[in-house]
Amino acid sequence: MHTTPNPSDTPALELRDVWKRFGKTEIIRGANLAVRAGERVAVIGPNGAGKSTLFNLISGRFEPSSGEILLNGQRIDGKKPFQINRLGLSRSFQITNIFPKLSVFENLRCGVLWSLGYRYTFLKFLADLDDVNERAEELLDRIGLHKRRDTLAMNLTYAEQRALEIGITIAGGANVILLDEPTAGMSKSETKRFIELIREVTVGKTLLTVEHDMGVVFGLADRIAVVVYGEVIAFDTPEAVKNNPRVQEAYLGSVLAEQQAAEAAH
Amino acid sequence: MEFVIVSLLNGVSYGLLLFMLSSGLTLIFSMMGVLNFAHASFYMLGAYVAYALSGIVGFWPALLIAPVLVGVAGALFEKYSLRKVHKFGHVPELLITFGLSYVVLELVQLVWGRTAVNFRPPELLQGPAFTLIHTPQDTMAFTWGRAAAELCQDAVCTPFPATRAFMMLVAVLMLVGLWLLITRTRVGLVIQAALSHPHMVEALGHNVPRVFMMVFGAGTGLAGLAGVIGGSTFVTEPAMAATLGSLVFAVVVIGGLGSLPGAFLASLLIGVIQTFAVAMDHSIGSLLEGLGLALSESMRNKDFLRLTLSQVAPVLPYLFLVLILIFRPKGLLGTRDH
Amino acid sequence: QAQSARQAKREQASAASNAPLAGQTVKIAWIDPLSGLMAPVGSNQVKSFQFFAEKFSGPNKHNPAGVKWEVVPFDNKLSPAESLTALQSAIDQGIRYITQGNGSSVAGALIEAVARHNARNPGKEVVFLNHSAVDPDFTNSKCNYWHFRFDADTSMKMEALTTFMKDETSVKKVYLLNQNYSHGHQVAKYAKELLASKRPDIQVVGEDLHPLAQVRDFAPYIAKIKASGADAVITGNWGSDLALLVKAAVEGGYNGKFYTYYAGVTGTPTALGQSAAGKVYQISYNHYHMGGEYSQWQNEFQKKFNADFYTGSVIHIYRALSEAMARAKSTDPVKVAKELEGLKFTSYNGEVEMRKTDHQLQQPLYLSRWQKTDNKFTYNVENTGMTFALVREFPSYVSSTPTSCAMQRPN
Amino acid sequence: MSKAYYQFKPYNVGRWIIWTLFALVLLLAPQVFTSNLSISMLAQMGIAIIACLSYNLLLGQGGMLSFGHAVYSGLGSYVAIHTLLKVSAGALAVPVSLIPLIGGVAGFFFAILFGYVTTKKSGTPFAMITLGVGELVFALSLMFSDFFGGEAGISANRVVGDPVLGITFGPAVQVYYLIALYTFVCVAAMYAFTRTPLGRILNAVRDNPERVEFVGYNTQVVRYLAFMISGFFAGIAGGLGAIQFEIVTAEVVGPLRSGAYLLFTFLGGATFFFGPIIGGVLMVLALVLLSELTKAWLLYLGLVFLFMVMYAPGGIAGLIMMNLRVAAFGRLRELWVSYLALAVTGLVALLGAGGVIEMVYHLQLNAAIGPEVQYLGATLDTRAVESWFGSVFVMLTGIGLFEVTRRRFREHWSEIQIDIEKEIKRREMA
Amino acid sequence: MLEIDNLHAFYGKSHVLHGVHFKVAPGEIVALLGRNGSGRSTTAKAIMGLADAEGDIRWKGQRITGLKPYEVAHLGIGYVPESRDIFPKLTVHQNLMLGQKRAGKGGRWSFDDMYAMFPRLKERQHTEAGVMSGGEQQMLTLCRTLMGDPDLIIIDEPTEGLAPKIVELVAEYLRTLKAKGVSVLLIEQKLTIALQISDRALVMGHGSIVFDGTPEELKANPYVRKEWLEVG
């Protein structure tokens, strides 16, 4: 939905002491986080730290075991994914999650429909919904898939599918966007282009993204949240995080990350 | 008293027959993800093949050979037909077994005709396994085999057929055997893995197509075995597949798709419940009247109120099926929500 | 041998000389199941029809009209809707006589469809010859001018059966077990009514309805029957529902008697086997030792098809139809129907009458018992070494039941 | 932004032509096939088309495999026939032509009722729960004979009320035109549905229900709505059935009927909108005509089905579309000869196989009537070795030649496909 | 050890590899580089018999083109796919068990070796693999293949989605593999690591090999780097 970023001080997204247990194992252990409206946040952390789980909790795929999650000051924990989406939060998936048997255009159109208020209607033709179609065409241009407009999504290359994944995510015009490893599996140049794209489409929006590529992280994020063992152990500017010894020990390791970051800086 | 005992035995033995069928179905489903609509057709095939064989080699060898032949037929079907549609997904797989059930039915009728054949259990299994005797002094007694005629002159004798006892025995052996196969061998793992990523399993060095073929063969072989026993205990006729077919589906889903213990539990439950429900002459109308409500004559004649539990007994499994899917979609002992 | 052959020839010649319709072909559409649950019965019956079509065609003493019979089978899959399509198809082919019998449900649909067709298409009337559908309604509340029944309906059979039971003093408690559909309901209903009037001392200790062709395991029912203390069971069950019931009784040590309608229908005798000897009775308008030509045909049929001929109404139908055609001197269904009403003719079970008021054939009934073949009862049913032995014959007037039919006749 | 998305414009002409043709076919069919039987069959086809299309709203559009679709068409039939009875009793004044709508409302109503339960689930649980509901309704229909009329069913007379413009619905042709009208409207309506937002989201739910939840839709609601709409059209088909047959029996809600919908929808082709139309036509041909032509119809049906699933999982519609694609690239003409050869050899094989099958059936079913079987105008003698030998020989030759041509065809076909792929790539690049 | 000559591969109708040829010697780590979609994964699949292939693939002198995947695996080639393909319903331990070609037959590697390599896996030993994090799954796939005791292991993008620290670990383990005499065909995106650990580098473009040489040579060849790898 087209809501302008929240002007007041209420964080766009806030986690208050969120816990998640699967059976006996505690995956998220009291996570706290407050993301300002319009901010770009990168979430990093070792494998299995619970980054994707955190996204799943926020987007309603899982329900937290305890704690509160607030979107623009409104409680959203316990709500269904579609309810949360309607409140203006959208997400992408680490493992590509599109509509394989629909064309690229239709994929995007599906993403647009609800937010333009068409809901479950079956009394209007899609072809007559000018606003929807215009928006979908525009998205098509933005994610650079115009040439593939009528190709079935399952016939796209991996990179194209990733782009479509982002396209669907931003289609509804949500103002809080979660991206789970958007550039995974992409080559350097593609990654670069992609970061540009993300930057472009999320102007004025609140963005959370999980990434392992330090180049991307440092290039994109205003602030970085570090998740380790289900806790947010640091939430700060990139510089501060890079120099945080706990982060280095738990996540970055030594030289290699430096190198990567340097390489990306080219 | 003997009514309860006999009903219980009847229920359990019928339940065990259901289990023999559902175990093969469960095996195939849990390992290959295929809902084999033609399962009951293999059951029927088992009965007919055994009938034909028993005329040549006698019942006992037929009991062994027929399931093997049916299993081979199943394996061949897997190899030349089912395998080809595997890549198209589950709906075509299901449909192809659907089509097979028609073909099997017609072939059986072509070979053995459209009427029931005279498939009888061997001498050894004819007659009772044991007899319950309710003496005039109101005590209960028990003898193996048939009770002496003079004894039954004034006492109430309730024989329990040997075929049913045999059915129970085989079903229990089958349960144990399957259990060992699944828990003690790696075959189970291979197949479950192949469900999600068949190519990967192959790349790890396992011959997936052969394993699939063998599982399908084993599952249909079990159906064949059930057929030999069910066919000789009840009737061997072309309708035998259709009547049990959807019932077995209900059993398997109630127990939890893919769960062997679930299939076992559900089979027994359904067997026993159905058996006892037959004995209940209560209807909603009689219930209401029991609660002190007076019903007018026209009300009493409404068939909705007149329907007794014993009349609906045979459809109870479907009722359970719907209820269980609503309230516990995993089934009784199922592990996955599909 | 030679003599009888010569005599037959002579008879034929004399029949031919006054066979008014010789050379004409009459097609009868046979609309019954050849697939599904009732396929075995259907295939037996279509054979019966074809057998006698061949036997009776042309002028002979069973075919005074001298027509050539031709049977055109349609598989209705036991479905009323499919039957209507078949009827349509038959009418398109110019067939004016249809016969059906398996399943009163189909018969009901056909009766109405024929009535509608005849009303909407004057000049193209169709006559429905019912060979086995026994719902009494067809000749009572739902009676119709174009329908003629050659079987005996449920009430007639129960009339005869209870007449027999009147003298069976050993029977004190009966159990009614039936299929849960109209035929089963009616058997139960008439059994209760007629027992109450003829043997008020008999107690109906239990009554059960089970779904048609769904039950595999009758042991629970037998346990229940045993527990009720019944010494006889009355059942209208047929097919596997009957076979399995009796089988479960034998195995479950139940020693009571079974009074049935359809123990002789294809497949059931095989399933009954030897252990049911002496326990199972059947009430019908024919039996396996009628003697005379009937027995010859029966044996011939047996030899030819390796199956038993039991649908005796087939013979009635050809006889009656030919008789009526001869009288009408026409094969026009309207004229023939008029002649069929009230027609009296001799068939294998003596003089029978198509009662004018309701189109129900009035005929003798027979009670027979399942037992080993012996010198007197020799016919080997389904090669089981067993047979149905005649126990009692009931003349037409005994089994006749009143009708409430108010027949609407076309003017 | 330019209106480039009006991609349909050039196609619209084609669409007009297709719909006009469809209407013409419906209009003229009874002029070509005039016998009672064929008119009755045409009417049944119309009904089957609506039913199969409504079924495909679930299967093809929504990915919901239902084993109990007959429940909705069947209950629609029952309500329609009861309405008809009420009308003839004078208790209601509804024109006969509107009674199918009442059937539709009934189907809709029961879809609301049962769908609430069934559509909570998807995938295998959905399939199983519909199987359960189907079996249950069928079993109960035989028990509640007040409403269902037991196994004899409920019959009624459709000629009631005053004729409008001389239309009494007595003659079969009048009923046919009523059904044809409904068929046209329903097909159009269902086609329109696939082009609406809900229709499209339904496709999305089929493809990836999880993601749909993340674009704001409640998948359960989507399935439920689709289920109701499907139930509505099924009910209309049922209502038309009631008028066509003037009798409704329990089989209309039975599992066999549900199975037939599934089978023939699939045979026609569930992935394309028009597939079920072919399916509906085939359904009537197979169930009515084939069963009259041969006793082995069930065997043929089963075999055809097996082979179709194996070799043409897209159904007949899939085959057609594949060839249209080839035609679109101008390559169909070169396949012409192959097709002819395939057809001829295939027919020869079928001819032989059919002969064998018919003789076997004859031996099993009517051996005693005589050894002769009428087969496609020829007479085969089941006792003569020549007949058997001949049939088997014809069959084997046919199969052999067919296999040879098939292999050649397959090579050719895949060659063409490769070319087409290349061509597509090239166009994309350009 | 592995020799590939004039290899062509197809997906259905589309022709993806056009005459690929290269060699992998015993105990060698060879990096296969290239842009997205250049056909690297397809090469791996073709070797394993998972894609339609024509041409010559020789393994220890024996021609293996057209063999079934399980036959190739039994000859001693292990494959770690880019899509991970863990078996989601099986536990971590069961996943590893399936890596063994025959139950209980010990090879170079034991369960303990694997758990020692990635302690995280030991912790989650009895969890269903499907719920594990992306990175954990990547570790599991690698170990699973090692359990089959291959002589050559083809690894498709092993570091994707791994935390930088773990990436280093993987690199180290690839060297360990080499030390144990296992050859590695490494398909990688991250040039840094690939060039660090490999003995030889291949670059692929549009379905054929466009460069074959040592990492040093590649570093010194700006044209190839720019044209085929898009890095400056």
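We call the chains A, B, C, D and E, going by the order they appear; numbering starts again at 1 in every chain.
Following the convention adopted for this analysis, a residue touches a chain if its C-beta (ideal position, glycine included) is under 8 Å from a C-beta of that chain, and two chains touch if they have at least 3 such contacts.
Fair warning: this is a prediction, and the values are worked out from it, not measured in the lab.
J.: Note down the smallest number of touching-chain steps it takes to go from chain C to chain E.
T.: 2
J.: Using the contact definition given at the top, which chains are in touch with both chain C and chain D?
T.: B
J.: With chain centres defined as mean CA positions, report which chain is farthest from chain B.
T.: A
J.: Taking each chain's centre as the mean position of its Cα atoms, how many Å separate chain B from chain C?
T.: 36
J.: Any idea how many Å lie between the Cα centroids of chain A and chain C?
T.: About 77 Å, centre to centre.
J.: Would you mind pulling out the distance in Å between where the CA atoms of chain B average out and where those of chain D do?
T.: That pair's centroid distance is 33 Å.
J.: Between chain B and chain E, what is the separation of their C-alpha centroids in Å?
T.: Between these chains, centre-to-centre, one finds 48 Å.
J.: By the touch rule stated above, which residues of chain C touch at least two different other chains?
T.: Chain C, residues with two or more chain partners: 43, 180, 211, 214.
J.: Can you tell me which residues of chain D touch two or more of the remaining chains?
T.: Within chain D, the residues that touch at least two other chains are 139, 143, 145, 298.
J.: Quick one: which bits of chain D touch chain C in the complex? Just the residue numbers, please.
T.: 35-37, 40-41, 44, 139, 142-143, 145, 150-153, 155, 157, 159, 170-172, 241, 245-247, 249, 251-252, 287-288, 291-292, 295, 297-298, 365-369
J.: For chain B, which residues are in contact with chain C within the complex?
T.: Residues in contact with chain C: 3, 6-7, 10-11, 14, 109, 113-118, 120, 128, 131, 156-159, 161, 163-164, 230, 234-235, 237-240, 243-244, 274-276, 278-279, 281, 310-311, 313-315.
J.: Write out the stretch or stretches of chain A touching chain E in their complex.
T.: The touching residues are 22, 25, 44-53, 94-95, 157-159, 181, 184-190, 212, 214, 250-254, 256-257, 259-260, 263, 266.
J.: Any idea which chain B residues touch chain E in the complex?
T.: Residues 186, 189-190, 192-193, 195-197, 199-208, 336 of chain B touch chain E in their complex.
J.: Applying the document's contact rule, which stretches of chain C touch chain B when the two form their complex?
T.: The touching residues are 37, 39-40, 43, 180, 206, 208-211, 213-217, 219-221, 223-224, 226-227, 240, 243-244, 247, 251-253, 266-267, 270-271, 273, 384.
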